[in-house]
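Note that the chains take the letters A, B, C and D in the order they are written out, and that residue 1 is the start of every chain.
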Amino acid sequence: MNDKTINAIAKSLVPENYLALAQDARQEREKLVRVLLAKKKIPLEGWSEPMVEYLISELAMLDSNNFTSRCGVGEREGRVVCDLVRRRHYNFAHGIGRSGNLTDAQPKAAGSTIMANLTNSLVRDLIRTVGVPTCSDAIVVPMATGMTVMLTLRAIHIRKPKSKFVLWSRVDQQSCFKSILAAGLTPIVIDSLLAPECYRASEAGNGATVQFATDLAAFEAKISEVGAEQICCLVSTTSCFAPRSSDDVIALAKLSTKHDIPHVVNNAYGLQSSFLCHQLDQGSRVGRIDAFIQSTDKNLLVPVGGAIVAGFDSTTVDGVARLYPGRASGSQSLDVLLTLLTLGVRGYQDLTKERKKLRQFLQDGLGDLAQSHGERILSCHNPISIAMTLETFKMESGRLELIGSMLQKRGVSGCRVVTTSDSKTIDGHTFAAWGAHSSMARVPYLTSSAALGITREEIANFLKKLDEVLRKYRIKYVAQ
Amino acid sequence: MNDKTINAIAKSLVPENYLALAQDARQEREKLVRVLLAKKKIPLEGWSEPMVEYLISELAMLDSNNFTSRCGVGEREGRVVCDLVRRRHYNFAHGIGRSGNLTDAQPKAAGSTIMANLTNSLVRDLIRTVGVPTCSDAIVVPMATGMTVMLTLRAIHIRKPKSKFVLWSRVDQQSCFKSILAAGLTPIVIDSLLAPECYRASEAGNGATVQFATDLAAFEAKISEVGAEQICCLVSTTSCFAPRSSDDVIALAKLSTKHDIPHVVNNAYGLQSSFLCHQLDQGSRVGRIDAFIQSTDKNLLVPVGGAIVAGFDSTTVDGVARLYPGRASGSQSLDVLLTLLTLGVRGYQDLTKERKKLRQFLQDGLGDLAQSHGERILSCHNPISIAMTLETFKMESGRLELIGSMLQKRGVSGCRVVTTSDSKTIDGHTFAAWGAHSSMARVPYLTSSAALGITREEIANFLKKLDEVLRKYRIKYVAQ
Amino acid sequence: MNDKTINAIAKSLVPENYLALAQDARQEREKLVRVLLAKKKIPLEGWSEPMVEYLISELAMLDSNNFTSRCGVGEREGRVVCDLVRRRHYNFAHGIGRSGNLTDAQPKAAGSTIMANLTNSLVRDLIRTVGVPTCSDAIVVPMATGMTVMLTLRAIHIRKPKSKFVLWSRVDQQSCFKSILAAGLTPIVIDSLLAPECYRASEAGNGATVQFATDLAAFEAKISEVGAEQICCLVSTTSCFAPRSSDDVIALAKLSTKHDIPHVVNNAYGLQSSFLCHQLDQGSRVGRIDAFIQSTDKNLLVPVGGAIVAGFDSTTVDGVARLYPGRASGSQSLDVLLTLLTLGVRGYQDLTKERKKLRQFLQDGLGDLAQSHGERILSCHNPISIAMTLETFKMESGRLELIGSMLQKRGVSGCRVVTTSDSKTIDGHTFAAWGAHSSMARVPYLTSSAALGITREEIANFLKKLDEVLRKYRIKYVAQ
Amino acid sequence: MNDKTINAIAKSLVPENYLALAQDARQEREKLVRVLLAKKKIPLEGWSEPMVEYLISELAMLDSNNFTSRCGVGEREGRVVCDLVRRRHYNFAHGIGRSGNLTDAQPKAAGSTIMANLTNSLVRDLIRTVGVPTCSDAIVVPMATGMTVMLTLRAIHIRKPKSKFVLWSRVDQQSCFKSILAAGLTPIVIDSLLAPECYRASEAGNGATVQFATDLAAFEAKISEVGAEQICCLVSTTSCFAPRSSDDVIALAKLSTKHDIPHVVNNAYGLQSSFLCHQLDQGSRVGRIDAFIQSTDKNLLVPVGGAIVAGFDSTTVDGVARLYPGRASGSQSLDVLLTLLTLGVRGYQDLTKERKKLRQFLQDGLGDLAQSHGERILSCHNPISIAMTLETFKMESGRLELIGSMLQKRGVSGCRVVTTSDSKTIDGHTFAAWGAHSSMARVPYLTSSAALGITREEIANFLKKLDEVLRKYRIKYVAQ
């Protein structure tokens, strides 16, 4: 209600002095909203639910589908026939962007436009806050990471239309590899570097931690072999499963500058780690990162469906926005906006601090457990994920994968067993030792992660169940 | 958002001309809200859901529990610990009224105060619109009809503290009778008048319809016998199950004036009938009606829990409000407000018109069915409910109640079978021919109603199932 | 979905082994529900929102208004016309109770019936858990405390119809006093006992704390004077504003037994204090407590609107349920159920423990503040509320009430200033020194409470603002 | 609750016979759910909201993030930190698909998997029902139409990696054209055919309606010129703005077969027209349509964000699903599922019938209005959109576009004014007479549409406002 309406409230409905107290509180609230809309930064303290919903409802009412007298004779008028659907979208219906550009304003939808642009600003603010202060541009793309990497590759390819190849430091998740194929480009896979103990069974773990997964020499060699002008871009990865460490983003950024080859970083769930953020920031200072891409679900704890494309100048981010044909879902931006306003800067920082603490808790717990089973933690430099060897469980008769399914039956999800003896073929490309990120890997292991939002209780339960499963497995398949 | 906030929206978030279109729409919406809060009348056309929720949210934010900076050191601060509860009450928590009066404003809760008072105004507007233009006061009481009748009787008794009795025209629903007992008063039951054919089996139905259920002579006699000063009030009933007709509210209103005895009308579900409303209006013009009470659930299709006390001057309505000790639930007022704003005057009128049409459809259908089974419709003057005889089904061996449970098993609810051979004792008072409203009733029957919100499909289904049940029953229990 | 439905899921929709994992989780959830419905006790750990809503939705679907094929020909069929209303009541519409009894089952509403009865059981379980293990019966009444006290008095009066008086230990909140009047009974007010320093200004505070507020001698004297058979019941109060302490429930319980007079305890917000609960429990062991009544809002942090009547045998609780005429709102029971399932035993205990801690924090803070202003904390034995003197602020020229409104303007709610120089007349009864619970009180003071749900931040803010206000007030009105 | 749980309900909570009635109703509901999950077809009659939410909640609880005891040590565990977000997604968080395929089942998310696959089945059922009975496969893609066309082109290109061009029958909406560019392909634009009167001003409108917009001869010529093997595919459009008609899908399908060139149809909002559906069906019978793509928002009245890829064999639909890298949002599938269950077949048919009726109403109204202003309706064969000439308004001094903005200010959205004198350049391609679909178009006009969900009131308002605007415009700019 605007002030004129407040003043129109019949005196018979409420005494003026009571209303005056409420008006003071209204002014205070309006001020918070005003600061947000003017500064476009995440509030320090999170907002209450009613406060968040207040803003969202007000924005939605700026869209033409919510005007009290509408008269729509176009082919798309934001009509929603199912009430359940309308409600869950807070009356937003027009999506975001226009046919020309993902970040363009829609004349019919001032509210959706503000919502999407505000979200982009807040996301940039978040990235700057958590450790990438040099970030200049960021947008929420309403497609998950894989599809967004694909679109980014296409946006880069348009600037380098003759190029054919993507140099990619191997990481064994299908999604990123498929993004390259889906973009119509040809991936050149460079094996990851792991700690020596990953290649040789029963090696004592006091060996060298491998700081980064990137085989820089192989990159250099491939660039020489193929020719820089044939290479659309380099793709590196930060967050990944141990024992793979992050790629050496800084070194690759320098390589990128040296050869004038674009460089895209798959930072899938890296925003939650200040270490990984710092790599990006440093990379951009000493070399070239055209864009770094991360999921909204893993970094902001929203449902799967969105990704953030960010960069250190506007070229690639804008290029992605401009390439996106047609309109897009606003649902992912809305999730992000609701979450950032609810958490506030403080809330997000609390989440990341807690995660870091629990990462140590998991590390300690797994270390003890490994020792008690005659195994060890594989050395690597991974701020999220931990790998524990399964060497003493590897028997001709047994099947290590069973450990995974035994855990799953006990309610453990996300623990991966890697035998290093499997290979996988994706669209014609064969990956030896699939899962281990390097064709040379020989030591079987399992990985587990302390990702954003995990609880101490979950970790404690996991350790208990893992111990139980390993004991059972040993008795049944190994101990004879 | 107030205008100052709108103007603070960063130009980088949305172009000014797009926002200008939205601002026009906002002004239009604000105007609707302003008219409502100034005139306090139901809008002609119902509001959309987002519009209704907009108003409700804005009101809730005027309550102190929703202020962004709160500091509560009282014993009741409107804190709600469970989010599900908070949400379902739209962030309202303080209830309505104060210890002194159900309609008093709360300093901590300007929004709840407006909400409750606005609802009362709209309810009065509704009553005037549907056929009682002389109604001067109405309040929603957050207790169902029975408890509200009890409170009303107590409010009247306080003005006449020596009185002991309530003269009550019998209607066979426990609730009203128990209200009198709960109020600490002694009911004097006056048998209802029914059409002669209700007393004598197999009578042809072309006999006289009984216009009203009130045995006026018996009322007069009792007043003489007991003494007017001993009688706290007369209680009459409008809406009821056929073959009982409405009480003769007009004649009783005159009697009330004549003997200076207060007169309370139980208009339980009478607002939905323009005929019954008209009786009340006329009664107030030619005689005395201190208050008429109706449920919110049956007349406004909200969940059970509230009632409306209305009157033709403020004495009794205010008396009830003042008697109510302590604070009260605002939940019932909120339901009524949400409903009236959503329906609008037009929506409520559509409901009542449709009901009237479907009442005729039921009447015709039951008439045909009765004829085909050798039964008849009992003559009476009841705008909602219809009674069909079951004379040919009454056998020594059988139990007519089975017809009721057979219907229930087939998904029919609300159809009552009255054998007239049962009696019931409530707190020491015995009612012969329980269910039939008169101790003289002899003809068994079943009743069904076309009440607000019923659908044509329900009636058609009911007629089909009733026919099926009667056939089965006859074959099994009668036909041998 | 029942098991048959799960098994009917087309294999083309999901692989069997994935569904099997989900089925295991379903069984686990079903078990929790089963235990709840069989044992009828609050779960130790609170349930998640989806879990709570799952149960509530399932219960609602047992009500006839939610049957897929309905055919309602009664006058009340639980129809809800406004979707917003329907949703906020989780599709419940039939209310609770029947015309005969608040706890009776409704044939049309098996779900509502379970919901209400389960809530009653859980509430009894809560009362037993928090300190009244001897409690045998408890029901949620969908009316706030005042109206519920009134109904309880009426239920007791029905067993003692010749009695006229209620002996009431004075506590200066209108609601309870008005309940007695509304019930048609005559209150006899017994002044509360306060610490001597409350009667005499500037008394050093090392005087005796008054353990209880009850003037037992005056009670005894009044009983002799009026005659036990004339007295409907004794009404005592536990939770109240300092410097009044709780009544001596144990002594009154003995008195009640001795003279065979019913005894009702107004335990308004006493469930949150283990000390007050203990008094009730002991009282019931050594004497007589017919019923104790508490609000749902203050003790369970739900919106205003409900109360709990509890007792040590079923007589009075059942009497209240049976007296209640007609059906009743189920909204209050639903709020309580949602809250208790969400909190669990653990969650409620956390709330009460935190409150106790914060009570000490407030006590310490106010003590320091009092000292710095030359005031003191009034000695009493009140586990929730604290009174601080305002003696040095009392000037002929000034008006102490201003302190209250200055606080209110700064967002402080619930802080009461008592001058002891005002008197108030309610329905013909005059209370000298209104607000102070005793006509003899002379020392002005302000009270504040650490009630359930208060936060440390609120108290800190309050202390800061109070200090600021007192300084300003002194400069303006006192310091000259 | 499963049957075992129902049976565990304590008898003290509800009488068995009441529960038995509810159990019957439960069985009935379960049967509806079972039929849906087994047959995977849209129910004939739409479901009630509680029924729809029941199914959705049950499905969500099959996902691991909603298991009561979870233990997630992966990097993505479906955690949602903001309650508002969690609620609006009905507790779904895992998205749909796996890294390998958009339609793959997720082990962690059996419920999401069922949800997505069920939606796909229902969508196929819908397409078959509304006029394309030969449709064999359909999937909901969580990207709007433009991006989905792009992905489809890429999926086709993978099968024909050497091809470079897309032959496209011009339609002046940026989105489709940009899709071709974004896919990395080169569009070859074939001017649309319009009725001769569109090319020559003031032509009497009794000229020939142009049945279809496709210049078949030009297509043939281009294929010869470029070579079939160089052409990735033909792209045709059905639904579009008048005076462009649908492309001749049938003839193009034959051409496609003849030259063995894939054929993609942009059926953006064509599902709502039985005529356009019929073209597709016939096209698939006599020729080749590899895929037809339509938006979910325009055809199903959900918020913008999703599209449907459908086909007559599984090749292309599966190809798109397999190409999609990584996981995807389930939000769009959920919207579609909620909508289809709520509408039922009947509800959707009612919508399309009503639309057809209102299309006639708009046609008649515009015809009358055109006549009164000395204008005419441009002849074409377009089942949704209508174009009215603006020849008499075209003046050297005036700017026809003003008519558009004058309408917009009056709350009319979606009415486009085409001057035919503007040209537009998109990524290097220039379109003469932009907006008119043909570089030869010369007659200015405005278009309006009767699209799904439009109301009679909107059309009546539009006609009134258009009349008003044209009068004002003539007076100001033309009449001098």
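By our rule, a residue touches a chain if its C-beta (ideal position, glycine included) is under 8 Å from a C-beta of that chain, and two chains touch if they have at least 3 such contacts.
Bear in mind that the values here come from a model prediction, so they are computed numbers and not experimental data.
Greatest centre-to-centre distance from chain A is found for B, with centres as Cα means. The greater number of contacting C-beta pairs, out of the two interfaces A-C and C-D, is seen for C-D. Chain A and chain C have Cα centroids lying 48 Å from one another.
Averaged C-alpha coordinates put the centre of chain A at 30 Å from the centre of chain D. Taking the mean of the C-alpha atoms as each chain's centre, chain C and chain D sit 57 Å apart. Counting partner chains per residue, chain D has residues 21, 25, 49, 53, 64, 67, 69, 83, 107, 408, 411 touching two or more of them.
Those residues of chain A whose C-beta lies close enough to touch chain C in the complex are 21, 24-25, 83, 408-409, 411. Taken together, the chain A residues at the contact with chain B in this complex read 1-5, 8-10, 12-15, 17-19, 21-22, 25-26, 28-30, 32-34, 37-38, 40, 48-51, 53-54, 57-58, 60-64, 66-69, 83, 86-87, 91, 105-107, 110-111, 113-114, 117-118, 121. For chain A in complex with chain D, the touching residues are 49, 52-53, 64, 67, 69-85, 88-90, 92-96, 99-100, 107-108, 142-147, 149-151, 154, 157-158, 161, 173-176, 178-179, 181-184, 239, 241, 268-269, 295, 297-298, 300-306, 323-332, 335, 338-339, 342-343, 351, 362, 384-385, 408, 410-416, 448-454, 458-459, 461-462, 465.
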